[in-house]
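Written out below as structure tokens is the structure these notes cover.
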Amino acid sequence: MKVGILGASGYVGGELLRLLLRHPKVEIGLATSRRYAGEFTYRVHPNLRGWTKLKFSPFNLSRITDACDFLFIATPHGVSSNFMPQIIETGMKVIDTSADFRLKNSKDYVKWYGWEHKCPELLGKSIYGLPELHREEIKKAHLVACPGCMATAAILALAPVVKHEDIEKNRIIIDFKVGSSGGGSHPSMASHHPEHFNIVRPYKPVGHRHTAEIEQELSFISGKKISVAMSAHAVNMVRGILATCHLFLTNIPSVIDIWRIYRQFYQDEPFIRIVRDVKGIFRYPDPKVLVGSNFCDIGFEVDEDNSRLVLLSALDNLVKGAAGTAIQDMNLMNGWDEKEGLWEAGLHPA
Amino acid sequence: MKVGILGASGYVGGELLRLLLRHPKVEIGLATSRRYAGEFTYRVHPNLRGWTKLKFSPFNLSRITDACDFLFIATPHGVSSNFMPQIIETGMKVIDTSADFRLKNSKDYVKWYGWEHKCPELLGKSIYGLPELHREEIKKAHLVACPGCMATAAILALAPVVKHEDIEKNRIIIDFKVGSSGGGSHPSMASHHPEHFNIVRPYKPVGHRHTAEIEQELSFISGKKISVAMSAHAVNMVRGILATCHLFLTNIPSVIDIWRIYRQFYQDEPFIRIVRDVKGIFRYPDPKVLVGSNFCDIGFEVDEDNSRLVLLSALDNLVKGAAGTAIQDMNLMNGWDEKEGLWEAGLHPA
Amino acid sequence: MKVGILGASGYVGGELLRLLLRHPKVEIGLATSRRYAGEFTYRVHPNLRGWTKLKFSPFNLSRITDACDFLFIATPHGVSSNFMPQIIETGMKVIDTSADFRLKNSKDYVKWYGWEHKCPELLGKSIYGLPELHREEIKKAHLVACPGCMATAAILALAPVVKHEDIEKNRIIIDFKVGSSGGGSHPSMASHHPEHFNIVRPYKPVGHRHTAEIEQELSFISGKKISVAMSAHAVNMVRGILATCHLFLTNIPSVIDIWRIYRQFYQDEPFIRIVRDVKGIFRYPDPKVLVGSNFCDIGFEVDEDNSRLVLLSALDNLVKGAAGTAIQDMNLMNGWDEKEGLWEAGLHPA
Amino acid sequence: MKVGILGASGYVGGELLRLLLRHPKVEIGLATSRRYAGEFTYRVHPNLRGWTKLKFSPFNLSRITDACDFLFIATPHGVSSNFMPQIIETGMKVIDTSADFRLKNSKDYVKWYGWEHKCPELLGKSIYGLPELHREEIKKAHLVACPGCMATAAILALAPVVKHEDIEKNRIIIDFKVGSSGGGSHPSMASHHPEHFNIVRPYKPVGHRHTAEIEQELSFISGKKISVAMSAHAVNMVRGILATCHLFLTNIPSVIDIWRIYRQFYQDEPFIRIVRDVKGIFRYPDPKVLVGSNFCDIGFEVDEDNSRLVLLSALDNLVKGAAGTAIQDMNLMNGWDEKEGLWEAGLHPA
């Protein structure tokens, strides 16, 4: 199957290239970039040198159907909704890693992104591409919206417990720690190495956009309106997200009960690992050991003194937080083994 | 005045040496170390090469009164309570940077540290050495217990608001991000560079010992029992702590009201800066710009959607979180300008 | 084929596990560790959680032949020479990633390692396992000594030019920059994160042990006695080596001539990439983009003012510098495709 | 004395501000910035928050003489030579941290910087502001050109030995490792944190501009034409330079002889430390322990096998490599204690 990538010069595009080049069932037919059209892809993604002679193409809708049978979109937020109807019309299946088709309620785009959605009629047809929640729908989908990286970490941590009655549903805090690649590939003063090295920068203490999709999905699971209070911090690493979720409960469950809940919820999931060890130095999830892999590690701890449950989840924001989940979706949409092209351990130490 | 440092080979001891060597009113009479007795101090603290020819002495109580008039203790927790009565008996004033005299209730040592206190009768005489809360008592104290680094960040962030009635007092979360120097100078697998680099490791999601002193001091301020729910994460830097405090309020105040509360509370404090900017990349506190300085930066943000107040505080764990506050205490105890020897900006970029 | 790993709890052992677990032609029969015998391997190598239930075995020579058909040794230098004759006697093929069988001249062990070799008779039978130089011998070998990580970087950079007459053969300088994983998995004061972070530490300005094998191999290629002047620096990263080789020439060749030499020398090599670009930010080799991959990137620059040739080579010290080359050797020894299990791009950004 | 800083929003300008704000003999009359005119200086240099209410001024030559008595210039290369004659004419003393007045031979600007010098007549009047070489001239100078950061490290390492007859004068290699702040405060793809983190990037293997001033000064000291072969690498830290100089000698001197040469050459220098220890982990110079200080640490090692002398020098590129040396020069030009405002130890650990 020939796949195309729109917006292939960004970090999600680059990770799609890396992963698709080693995927046994696809070949890459097209990789577009406005900035780098005509350049070898390995100039922008130097890890691909010697792997591919592919050059970036300019963005040209009419050539897409010629060049590929399946499309990934990795353009910035607000771009794909300009041309998605035309793509859908061709019958091509699409996975969009931008936010443009994640939210069901078109008003949420005004509130969280600041723009009116161009094709709200497609929002109802788009599937939120988190396999752990929507596997069966993804299999049949034509348009899949790949979840946000922080949203993935948060939803996967909270999904198993969020419907429990004892949780105080308006007291859910998610404190994120995020690597610099999450900010994308455009340099700025904030991302300048001398300014970004060594930081613990609270770059979005309130009002982060991923709130919208986290609340949408958690409300969907629990059947009730869930609101989450996010704070996002940038830390001194390139890849990785840790989400620390703090929940208060009217009755705090035992450790064994929580184990059971998570084991049952994720028992057949290939890319979820429950990490809670009594020995060693990696007793809880840590993005460090997930670099390059598609796992989301989830752990927890009980704070009896405060009737608090602490949930921890870690992932590589470019893999399980973007390109990896997108490929997992592609595998599902094509009836392939879900792990195809993704079954890799992280690196340690790195 | 001749000062001595017990336990001078650790990181707090080293920072005391650095700061005291440039303090115009003191000279260093003694620096003990069991591990390094007989060695030049600059072998362990290489930044002091060319600054001092001082060697580490063995620990010997009887020599302390000969060698110095004022004592800093920077030994590990559980050490100084073995000999503190003998030191106090000599009439020497002491600042202890370990936890041994921070808690008023001797039972808290059993609960949080796991040992019976050896001289509980001194706990009532010890002053919790946070100048911003106990300045007048510190001036008259003979025994000052220097606060823990994370406790300092948390208490300074929360003190101005904790007595407000609208705060839900059993829903206070403090999510810490801590540099590696906070773990002390003894190497271990957990601190091995290949294992510690690039981490966001939730090393103490619940049950951190500093809870005890934070609750003690916040309860003291508010006049009510306050409990806090701490989680501590190690991040990829050497110096620095960021505390992100999440509070829920029944009525969320305006930004202007909160500004007023913090300005009033800290208006005469030389080492507290309120950081909340609308421009630039350092809009909130960040430990990055505090390395080497005695400032604690405090900021905040209001989350109306969740009736949440986010408080942020940052400091250098070895300066304002330990040696700097200890010297601030020494200045107060001796009637000197509180800023003496401490009035330095941090480094940027670094 | 069942493979065993002796000394599997170190970083090279962990990387062998990671790579062999995904190798289609082998399964792991045994992984020994003195320190961690009885523990799950994923406790020490947390990236392998969910990948294998394998536990470390104690070291027991008699069990090795039962448990496996092919052996990797990743014990510290000076260990394997104690028992290698017994292993060779069983007829099992062995790849040793330690230094014990790299040097042909037993006196070099006394000079560089400080011990008398226990079985010097095996030195002549051991093959230096650098496929780019000794492919045909490796195919037939029973005992292969996997090159040192820095030696690999240096030899691959210098091999194509070292026989050129114009090079001043006693003025070859190799200035190394090395990540912390190269120092192994045992924590020490030198590797303690607060002490190792942010360093550019000249840890071995002269007299590095890899000098011996670099000189041995370069002399072998050039047919003349080559000596190299090494200096090794530790830098603030976990994986990776950059070797900067400075050579003086009596007649400085043109860039085009050097291109030709390198292209010809390495034209059929799957894991060597010549990196010398006129555009972009990765114009020369950089270990950053090689993390996790088996490539060695080689570049060069001509300094006409000083009749100097600067050669640059970069690799991941745990992959091409150890476990990757070892598996490349295993593939050759078994007649398999040399790239089997190793054909992965590095990560970018990471 | 009122001092002005032209180009105060860059990193050298920021460091001048930090150091001058704590200098007991000066106050800051003016700090210009084209980009940030009208902004508070602490918005760009967040470490100065609470230290100064100073705002950036626009660049306006006529206001300079009103606002200050002494001038620092920290503009990019090629700027100050446009207006220097007018400033000199006012009689004001000037220290220029850019390259515009470092080189004596105006042709070197064409060769190394690519532009014709606008006022070559001033080159002969400018003093190369390295106190260790030109102290007496600096005291009397009106125009001082502060040396380049890498040049300072190299010249201070080489000066004591470069006139020795045994050194092969056309085989001097200097291999630099440089922190990211050396690249200035303008963000670019190369400095983007995801691209710059974890690198050992050979960004200038040959042809670095500092070659010109290093050769100029070393030739001046030795009385012979000296050429140096530089290679510059960017590494994963913000502040700091390590220069590793490799020299070949026809007769290799003993360690004791080299000690004597360096001790004698630098015996009265307040900011030079000879670092060569037999114990501990900081046996050689390392920029890590120099962050924020004005020291240049120098060490060496003898490689008898190769008749090679390895010289190592480390400094903080923004202090001893720029702003610190500039202030040292100012102190000399005004007859003050050379150490005034500069006598600070580095931080450890940091």
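We just call them A, B, C and D in the order they show up, numbering each chain from 1.
Rule of thumb we're sticking to: a residue touches a chain if its C-beta (ideal position, glycine included) is under 8 Å from a C-beta of that chain, and two chains touch if they have at least 3 such contacts.
If you're wondering where the values come from, they're calculated on a predicted model, not measured in any experiment.
Set side by side, the interfaces C-D and B-D show unequal numbers of C-beta pairs in contact, with more at C-D. Seen from the Cα centre of chain B, the chain whose own Cα centre is farthest off is C.
Separating the CA-averaged centres of chain C and chain D is a span of 38 Å.
Between chain B and chain D the centroid-to-centroid distance comes to 36 Å (mean Cα coordinates, whole Å). Residue positions 11, 181, 189, 194-195, 197-198, 236-238, 282, 286, 291, 349-350 of chain B each touch two or more of the other chains. On chain C, the positions that touch chain A within their shared complex are 11, 14, 18, 21-22, 39, 43-51, 181, 238-239, 273, 275, 277, 279-280, 282, 286, 289-293, 295, 297, 343-350. Against chain C, the residues of chain B that register as touching in their complex are 11, 179-181, 183, 185-189, 191-198, 236-238. Chain D makes touch with chain C in their complex at residues 170-171, 173, 175, 177, 189-190, 194-195, 197-202, 205-207, 211, 227-229, 231, 233, 235-237, 240, 242, 244, 246, 248, 281-282, 284-288, 291, 299, 301-303, 305-308, 310, 312, 314, 349-350.
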